[in-house]
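One structure coming up, written as structure tokens, with questions to follow.
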């Protein structure tokens, strides 16, 4: 589905991402973990076009994504959520989803496109993201957990094929984290998902495979159980 | 049409000195603006009106007492106090909002400018030179007052330069401008540093206004013309760079002085502004790099 | 021993996001206390909220017998608390000496000033050798020394250390731990947040475990040395 | 106190909304009969209202802090004046030419700063320099612009046998065009595009990752704004009969920013109403205290910035 090969990013003298290979198989949930500064978010930023790699290829659906802008990568079907929730504080939940559906479905990009009625798509996405009762709420009035769901809902509304979740449980309490986990479970199979997360329990529970980064390089890619048993990984985390 | 005057050795020196004195006035305005921007990130549109107040204040005192020097001191002190009051009472609240900061200072500038227009009308005023005689410099006869302006500019440049690089206050200004939150964890009262810097910058603008009164005529919108130029100087010099605003001000002074030989003054202005636009697009940090006060 | 710092019911927020949930902890005079947890669990936020370097918080922070919850950062620092931030935050364009000088309040008289700085140079010879060098040209380990020196130069009563070993090469971590060892033996209170619990255990008297913004366990260094605890809160 | 405000707010938004609107329309239509001596002023007020709307698109919706709106307004008035006075061609030809020139100039000036995302501070200064250049330009290119004398005088031609040069017909002509263009802008902003701009201003990062080419969306807003500003300038020159440097002055830019802030940024109707209201206030105050008017205006503006940054419309709307 999405294949990353030899991905490298240098900032001046620092190598933030070092020759990373990563393969997302269709329909899998793939965890990406590692200590701070391991290069997780940089990797996500390279895939989404926020940063351009020093070298390496990112292949999606048979074409190379390197050099494309974030918006055109998004339109090709790669959606992302952010560590810090990104939303439009003064707009209703419905408007958020409307904007997300609109750009991904319209074919003629004209200013005067009044936009069709997307209420079916919006309803469906809102239900998946536990927001069906909040469609007319102004986003800034949502509790933090639901803002997180809104972030996720927008990505779903875009009808992406691949979704990159950057710390979807950050800043959430336990029950909200569980809800995020349920949402992710609901998505299993329909989407190809890469999830970057500090909450190791969540990543272990949900991932089909996990890639561990350390100092910008891949330490291992394996099943959750094997990763947990991996002595190298344990060393990295305990800093022994 | 414009006649191109011949450049002789004599008038070359005269033009260069004219450019130098003009550059020094621009420098006084630009350095204050640059300090305020470099530290606070505030686009201070009221800065020009402080210059106007400095000039008109001097005029008022001269009308009352006949003494230019007294006028200079009184107006600079009063405008500086006004700057202090403005910073503490109003501007302090909007530092986190660049848009409101720009609009707020724009509004304050407008009010001051119009208040001047109400009091003085829109006609222009001139102040006679307190040092009317000329002296011989490098073989040409040159007005003493303009030499005085050059001297004051040079002293201010040295003084502020020393303040920024040699004193405890300079260290704190550098630290605050560079990373405010770090300065705070080192125990620096950054709100106080903001106030001092704003007041200092305002004082420099008032000084520029008072000094320029005997050279150019004053009109209520004089401030706008100066800050437009000063903004562009600090872009080219590097926002927040003290050295940059000095060097670029002096260069602009020379460009204006000699540019007038070949082009109408307005064309010279257009060229300078166009150059600044290019800088904004392609080298927004200017010649002197990062916004750094303490060099 | 008397209680020096006490934190009660602390909730901390960055923007909308709540990072700390009802955190309470305390530290006695001359105590060395550690707070351990994985990355992203709120350790740095905890220290930042103690010195009010954060968007919003609720709860109380008492220092000595004063409620400092609403004080501004520099006031808290001037009260005798020194803070070594995770990213060290050395001023790159200032020299080593200027970086140290900056941390000393302007009310400190010149002679004392010189003495204090010389003391730091006595403790960290490498800093003394490089006193005229700009902060940005120092190596990672030297920058960490400078960051610690910048805290010590004020002779603080309470030292807050944020991940002093983070991002350093193993050899340099040894140096830093040596330095920390020499610090904690004096009569000074220290609060350290770290991920690297094993290196810190010999230094601390007591410690807390933090997970997703909540204090989930606490105990003395012996208790915290148990493998099960590391298993549970620190490893993958 | 706050109850009273809430009452007024509820009144203005609820039961009284339609009657108030109808009253407003009637008043506007009846100006030449009720206040025949004020028709010219009313024409000017409408044009400035449209100008304020156009600038609100860039400033209020797209968040492009421009200090050069007068440049485009002036381009509109100079283009029409040039075509009529110097080339002796049709007044009507001036309108499309003015708009096309404004679009070209706006594209040339805005392309790089919008693409490179130079940031608010630099955009303000960039447009300040651009505005200053355009203003200076009108003085030095005497053969092109007439220098400080400007380009004049002329009257708009007959249209269907009606003399547009007379006050009342030109008022209705202006009213018609302002209504059409203003309503068109309103429709555009109420469509998805308005939401796109609104969302982009609130969180551009998110918009890019929803697939929107935000540079393109902002550029469109910038062009629309410049085009309508020029259109307003073209109508203005038809009313006053001369294009002069004051049409491109920083004072005019200052006025339009004041109208927008007082009316409420990003509301279209607010800036429109504030422009009209303040033009009339100016007229009344000028007869009382000629010199002090602009100072009072400045004080009003400062009060709005510090106390009511959301403007009058924000006050009426409340916290929705």
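Per-chain numbering from 1; labels A, B, C and D assigned in written order.
Going forward, contacts are C-beta pairs under 8 Å (C-beta built on N, C-alpha and C of every residue); 3 or more make two chains touch, one makes a residue touch a chain.
Note that the coordinates shown come from a computational prediction; the quantities given were computed from them, not determined experimentally.
Engineer: Which chains are shared contacts of subunit A and subunit D?
Structural biologist: Both-contact set = empty.
Engineer: If I rank B-C and B-D by number of C-beta contact pairs, which comes first?
Structural biologist: More contacting C-beta pairs are found at B-D.
Engineer: Report, in whole Å, the distance between the mean C-alpha point of subunit B and the mean C-alpha point of subunit C.
Structural biologist: The separation of the two C-alpha centroids amounts to 44 Å.
Engineer: Report, in whole Å, the distance between the mean C-alpha point of subunit B and the mean C-alpha point of subunit D.
Structural biologist: 33
Engineer: Between subunit A and subunit B, what's the gap in Å when you average each chain's C-alpha atoms?
Structural biologist: Averaging C-alpha atoms per chain gives centres 50 Å apart.
Engineer: Between subunit C and subunit D, what's the gap in Å when you average each chain's C-alpha atoms?
Structural biologist: 56
Engineer: If each protein chain is taken as a node and each touching pair as an edge, is the resulting graph a line, ring, star, complete or other?
Structural biologist: Shape = ring; chains linked end to end, path closes on itself.
Engineer: If you go through all the chains, which pairs of them touch?
Structural biologist: A-C, A-D, B-C, B-D
Engineer: Under the stated contact criterion, what part of subunit C meets subunit A in this complex?
Structural biologist: Residues 14-19, 21, 38-41, 165-167, 195-199, 212, 230, 234-236.
Engineer: Going by the contact rule at the top, pick out the subunit D residues touching subunit B in the complex.
Structural biologist: The touching residues are 65, 112-113, 116, 118, 120-122, 124-126, 128-130, 132-133, 136-137, 139-140, 250, 254, 257, 261, 291-292, 294-295, 297-299, 301-302, 305-306, 309.
Engineer: Where on subunit A is subunit D touching in the complex?
Structural biologist: 48, 69-72, 74-75, 79-80, 82, 86-91, 95-96, 98-100, 102-104, 111-115, 138, 154, 158
Engineer: Where on subunit D does subunit A make contact in their complex?
Structural biologist: Touching subunit A: residues 188, 191-193, 195-196, 198-199, 202-203, 205-214, 220, 320 of subunit D.
Engineer: Within their complex, state which residues of subunit C touch subunit B.
Structural biologist: 51, 53, 72-74, 77-78, 83, 85, 89, 91, 93-94, 98, 101-103, 105-106, 150, 154
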